[in-house]
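In structure tokens below, several structures.
Each of the next two complexes has subunit A plus one other chain: subunit B in the first, subunit C in the second.
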Partner chain A sequence: MEACGQLKEDYDACFNVWFSQKFLKGDNNDSMCAQLLKVYKQCVEKSMKDHHIDLKDADIEILGTEKEAKVPEK
Partner chain B sequence: MKIWTSEHTFNHPWETVAQAAWRKYPNPMNPAVIGTDVVDRSVVDGVLHTHRLVSSKWGLPSWVQRLIGPANICYASERSVVNPNEKFMTLKTRNLTFGKYVAVDEMVKYTPLPGDPNKTLLTQEAVVTVQGVPLNSYMEDLLTNTIMSNANKGRQAIEWVIDKLDREVTEIRNNAASARDELLTHTKKSIGGITTTARRSMDGLSTAAKNLTSSPTAPVQADIPKI
Partner chain C sequence: MVKYFESKTVFHFSWDQVAQGFWKRYPNPESTHVLSEDTIYREVRGNKLFSKRLLTKTNRVPKWGERFIGSPVVKIVEESIVDPQAKTLTTYTRNLGYAKVMSLVEKVVYRQSEENPNWTVAERSAWVDSQVMGFGRAIQAFGIDRFKKNCVKMVSGFNFVLASMFPAAVLPASHGVSTPVMTRGEKLKDAAKKASELAKSKANTLYATCEPSS
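Showing the complex of A and B:
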């Protein structure tokens, strides 16, 4: 989301360090970037709402069910 | 429905490839992917679970857009799991846009190559289903071909990221070395400066002392420089 660019950059920088230096070395404590993740996630959520993106759509099976779009009749 | 599978071996250990996988986008090989945003992420029982929104520009041919509708940006939902103890990383992606007609399910898995811990095996699978529109099998072919060519670019992208990571490490090392050199030079200069000042003060003091002893009545010419 374009609106969250800087927040994403800050969080990603923290996450990349945490992932390689802590998580892959057996440290499961993810509090290091928690605050950055929180503000970044809030921004993404808001931005998704603004763009009418609903992630629940991916969890619903449509094809092969009654909800599937039908070929228009000729 | 079309099913596509593929395998690839990276000449890098699993840990390196897993790090690169997180830093894959943006890259010059897959310019269509314009964003990956974390929607949810948590560590449960030592396993990292992540849900991301992937935004991309598909650049579909106009005949496809006429059939399923236009879209500037396509969104997909990606769910991934990283298990550092068992050393595997899996990413499952499904499209959100055009979901009524098109289902593209992609599965990517990174594991150490059995028998060679310095290499990483990538297994990839895509299931493409287009239904409810005319020319659906053409569209399935088109999407499958796109996935195939993107998969190839994606591997190059992983190599590109690993190369970039290596360069960053070298750069940090070089920066640290030059910072240390600079610090040494500064310290030497400062010490040199202090020594010169101190020497001048000493000279000033001895001159003053000499003046005192030679002519005790004369006013003291204390030309002691300020440090």
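Showing the complex of A and C:
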């Protein structure tokens, strides 16, 4: 969302450092960027509401569940 | 009737590099159709990283398609799971809205190459479906064309990002961007472009290549 550009940039920068320096090295503690993610997500949610974007469908989790599309039998 | 595709791409970068590059894929010179990219969910669960991003893209719609697809902006949900122990990155993307007109689901699994531990294999599956009476086949053919084009863009755009992030990994012989080695599978010729020929295709699985056609 355009309105959240700066917050996104700040969060993404933090996340990319966390992902390569911590997560890929076995550190699962994700508190490092939690606060940045929180304010950024709040902004995105508000922005979507303002633009009347309903994301009920987006909330559904499919990957890793029974709902995934199936590979046809050969 | 859902059309199913598979393709395989080898990236000449390690899995760790590909996983890091995945989050920085946009923008790249091939991604001008990507308008926005936002993280709407992210959590570590049982040593794995679960993320959900919302992408908006512009999509060229053929003239005859305008009656079905009004807005050229498509919203896409991308779910992903990163498993650093197994060294797999799995992504699952689907379009929101227009699901009856054309639904395109793609699943990509990035894993370490068995051939070379410094390479990463991306196994891509795609499902294209349309429930529009009478136009279903034409829309599917359009979806196939879209898939093939996006496939090429995905690979060259991703390689561009990886090469700029990890220049040392690029082979000296290449010109800045490494050329991906493709597993061609059965080549589909140009059949995929033509709906009539598509209808004759009896195989359940089509192999689309991620190579530029020119």
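For this structure, a couple of remarks:
The criterion applied here is as follows: the second predicted complex is superposed on the first by the 56 of 74 C-alpha atoms of A that agree within 3 Å, B and C clash if a C-alpha of one lies under 4 Å from a C-alpha of the other, contacts with A are read in each partner's own complex, and residues count from 1 in each chain.
We adopt the following convention: contacts are C-beta pairs under 8 Å (C-beta built on N, C-alpha and C of every residue); 3 or more make two chains touch, one makes a residue touch a chain.
What you see is a predicted model; the values in this text were computed from it and never measured.
Once the two complexes are overlaid on the shared chain, A:Val17 sits clear of subunit B and of subunit C alike.
In the superposition on chain A, contact of A:Lys8 is made with both subunit B and subunit C.
In the superposed pair of complexes, A:Leu55 makes contact with subunit B and with subunit C alike. By the touch criterion defined above, A:Val39 reaches neither subunit B nor subunit C. Contacts of A:Gly26 after superposition: both subunit B and subunit C are touched. The interface of subunit A with subunit B overlaps its interface with subunit C at residues 1-2, 4, 8, 11-12, 15-16, 19-20, 23-24, 26, 28, 30, 37, 40-41, 44-45, 53, 55, 57-58, 62-64, 68-69, 71. Subunit B makes touch with subunit A in their complex at residues 15, 18-19, 22-23, 35, 37-43, 46, 48, 51, 53, 55, 75-77, 82, 84, 94-96, 99-101, 103, 129, 131-134.
Contacts from subunit A toward subunit C in the complex involve residues 1-2, 4, 8, 11-12, 15-16, 19-20, 23-24, 26, 28, 30, 37, 40-41, 44-45, 53, 55, 57-58, 61-64, 68-69, 71-74. Against subunit A, the residues of subunit C that register as touching in their complex are 2, 4, 16, 19-20, 23-24, 36, 38-40, 42-44, 47, 49, 52, 54, 75, 77, 79-82, 84, 90-92, 94, 96-97, 105, 107, 125, 127, 204-205. Subunit A makes touch with subunit B in their complex at residues 1-2, 4, 8, 11-12, 15-16, 19-20, 23-24, 26, 28, 30, 37, 40-41, 44-45, 48, 53-55, 57-60, 62-64, 67-71.
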